[in-house]
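Each of the two complexes below includes subunit A, the first together with subunit B, the second together with subunit C.
Right after this comes the complex of A and B.
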């Protein structure tokens, strides 16, 4: 910590001042800017003191990877290159992080799935890589449109998983995410997810921190595992050691290793609460009807609440910000007065509803839906319709106009 | 607050990570004893008491303090030697303080010599062989420390203490955080101050 503190107030090669992160995020003046989500990612990374960005810039997922290439050309990033595939990119990210670099990458949809083997490896090796996931469809026939099914696959990798609602969330959480994931008691990769297209390709007003301020650099000497060197290469841990013997202690050590990863996810809870001002946001928690959502489904839920209020139906909202760590106690508390809990989602399986059902008492209160997927939008009216139907109120079909 | 307490084992075939049981790490200026947040002053006294009561109080210095890779590490190593010497001066003839290094985390083939080192992936061999009933980890990378501390808790009755340079360890029965030369010296002073106030148990481990 002393090393990190001593660099505060000094300048990097681009003339940006290494700034205390709390001051930068909470006290520094903000400038409203009208940007796409992809441009916001670029602006956050400009301020993130990143050492390495590795790209597989297939354009439909987002333009972020290409835009960050511009940052490299401008001198804001230490190194930047393109991998041969998504799998290669994530492996190369691991190499850079093993060597002590602050690493950033982006992915989406089938690319996330192709690279999946790397994510538990990142977590097991305690590499605090940040990966933006601009979610889109993963199944055949392929879709470049938003669909959050891939998040379900990330939930058991040991990574931190956060789900941004807006471009503003995205800007702030990219920067705060590095601080949380690099804490020595956490030191895990972060999958920072958003609903692709809705957030990445649309423009919104985002309040940016000053461009001449940046995060303090990553200090690899605070890592809970040694940096890679020729005496202690990661392969010694992955190939040689305890796991290659068939006895109780070899298995118990591997089991303990896994437990330690999930213990680190738990430890991130304290830091995430501090930096994100809680793992959830709530409105009207005394209401008997609650909408619990993450990502852009929160925005649609908020609008549905306004429409319902016009009809005299009071409804509350829980915005789930972090999926790992999972805000179990917070959701239980926020929904304790609810008789009906609706979980709108942009995916076909309803993974968020399942998580919530596993969390709260009397889980038959949970209505898993409405669901849309494959790039469909979710008009607030269909959330209203779902709620009114469950309450036995008259509602109209939104499917079409009839013959 | 969690009802779970981090206590000497043997706890379970596969004990849980204490963090998963709701145990939280101390904030700066604090420590934890058995998973309960406590003032650091109280932790010094409890750690000293555990050392003075143990048959085989043992210090396990790790790679972060063993290799003089920077000035701070060398100073910590000197402080740890002072702690060990203090311990030897303060215990009775029936007690056997030990200083056993954890020099690195590499696999030990064909087998470890438990009298000269401890393997973080199989720490119980060293604990059992030397009948260690109280130990302190200093200078061990956090991930490896938690791994070892949990395995020790699972399979032995050893009381574990961690002097962590970062945020502390829930899987130890007692943990300091932000370890420094001053903190190591202060623990030595506390052992000296409490000398003679507690007795080792009559029975062997």
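Right after this comes the complex of A and C.
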């Protein structure tokens, strides 16, 4: 067979050079830039060789979705349009991915919930779509404020689910996310979540890769299922549609298909470890008190650790980067010395604490909290207060928080 | 895709299913004037079906698949319902994803294919039932038309939810007693062909599938216009004989009865001005091609 000609080193129509992703992410020079999270999404997509982006307005992702439109106008994206609702948008994304395109979209809160029927379909159809979720409240009465409850609903869809802490995470993970989710042994959609407003609407220094480098394009013929473009034989999928047969073969087919999706989530583990430098980050794992968190709760936890240190209390930290695949072994190992494990969260139910309790031995060590929700901020002081109270230390009451 | 793509390696030929061997030998991918007359002399792109005996939908499927002008580069999008029982046995790429989202899927698909194959024709054809098109999926049906998405939408109108057992649908006739319409349907059949015209479709036809030659004509027109100009819509009566109390052999007569001039499926057509122009150009080209072929045949026999 003739050797396939590599696209690496060639240029796209915007003059960007298709670059080996490892070199681009880890070796190319970085430029510090002061951007909002939304602008960072735009800058990542500029370098992502995306074919299709489909947009819909909902706070707090509207700005990012509109900025991607500017990239389309500049010629960086193959096609872009505004859909009619999140349900339709996620189906339009599916159609584009079925047709072999690298697809990007963004959503938030009630939009995530409206589109929900699509997500297990994406995973079941093995479509490596990337969806940014800028989390916000989904409760009634109407709220647009930060709240991470919607992530809980994504955990059982078969999608990869990552939770970014900072805009820097966002920039790197959007690009790395495509590489992981497009691996032939993974080939699953990725929900890349962040805490709305805290990440999207604040400015931060982010180190960007060179704008004249971009990801290699998506190759739909590496997919484990046929691309629907009539470029490969249109095999009849089956003699008898399994949809409504009540027999063992039918059940076994559906069961094995579901198992395969979750096996693919598992197989993403090794790629995620490689690209994200582990599924978790840790500090002070020898401490008896640990904070385990994801998203911006990690930043608040870090600040709480500093405050506690001033009072002579040593505390460690686990930053959970991927929720699917779930870093079970890593969290067990990182918390093995801990006598108390605190899980601060920006939601009312504490889904992360439940996941951790289901993972580690002696789960009565887990203190599910503090929780804030409905848009409330999480001052590090309330984490400190939660920890000191649990340890039987004297703590000052925080005004307005009823403690 | 060309017919070469479906060729079988010689070493594996004998272990391939016979229907695939037949597909390689005698299907009509790439045949310029393919149509309903190929049925019986070539391998059809639909292999069996699991619909009820005598279901007019199965006739419609056969005529449509025989008439697609470009099946080797056509991708079809279906939805949940009786049609989703047939698509797994159709030899063009087809997508089933959810119930009612077919025109959204097709919008993304058509755009992706246009980005990936800017210099090639890739047709997209949606085929779904009336529940999918008019009830649960109406929003996405209309929005695709508003956006002037360049694909064909075909609705198999059997005037009820057939696959779930005969419940009321928006395209059901007023007064019809059905499940979920226990005292008869209280409102008129939704006038989607008119709505389609107002929503920007360039070619709209309302008819039955009693005449294969007519199905061939409207399918070819709809696909060509969608490819060049904008959205097209075909509403085809495919009665659910089971749910209206007919026998297997009575489907054809039911369609003939319903297409009489005063009946609800009397042939109705709307063609926009640009679409008329395109059809005239295609007809002229066709005439030219046939004349040339005739001349060539005359020379050969002389």
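What we mean here is this: the second predicted complex is superposed on the first by the 378 of 403 C-alpha atoms of A that agree within 3 Å, B and C clash if a C-alpha of one lies under 4 Å from a C-alpha of the other, contacts with A are read in each partner's own complex, and residues count from 1 in each chain.
We take it that a contact is a pair of C-beta atoms (placed from the backbone, for glycine too) under 8 Å apart; a residue touches a chain by one contact, two chains touch by 3 or more.
These numbers were taken from a predicted model, which means no experiment stands behind them.
K.L.:
More subunit A residues touched by subunit B or by subunit C?
P.N.:
Touching more of subunit A: C.
K.L.:
Tell me which partner A:226 touches in the superposition: subunit B (first), subunit C (second), both or neither.
P.N.:
Both partners.
K.L.:
Kindly classify A:27 by the partners it touches after superposition: subunit B alone (first), subunit C alone (second), both, or neither?
P.N.:
neither
K.L.:
According to the stated criteria, A:126 is in contact with first (subunit B), second (subunit C), both, or neither; which is it?
P.N.:
first
K.L.:
Examine A:212 and indicate which partner it touches, taking first as subunit B and second as subunit C; both and neither are also allowed.
P.N.:
neither
K.L.:
Can you list the residues of subunit A that touch subunit B in one structure and subunit C in the other?
P.N.:
On subunit A, the overlap between the subunit B and subunit C contacts is residues 226, 231-232, 236-237, 240-241.
K.L.:
Would you mind writing out the residues of subunit B in touch with subunit A in their complex?
P.N.:
Its residues touching subunit A are 14, 16-20, 24-25, 63, 104-107, 121-122, 124, 141-144, 146-147, 150-151, 154, 166-168, 170-171, 178.
K.L.:
Spell out the residues on subunit A that touch subunit C in their complex, using ranges where they run on.
P.N.:
That would be residues 51-52, 54, 78-79, 81, 83-85, 87-89, 91-101, 103, 117-118, 121, 125, 226, 228-241, 243-244 of subunit A.
K.L.:
Touching subunit A in the complex: which residues of subunit C?
P.N.:
Of all residues in subunit C, those touching subunit A are 1, 5-6, 19-20, 47-48, 50, 72-75, 77, 84-85, 87-95, 97-98, 101, 104-117, 122, 139-140, 143, 147.
K.L.:
Could you list, by residue number, the parts of subunit A that touch subunit B in their complex?
P.N.:
1, 126, 183-185, 187, 222-226, 231-232, 236-237, 240-242, 249, 252-253, 255-257, 259-260, 262-264, 266-267, 270
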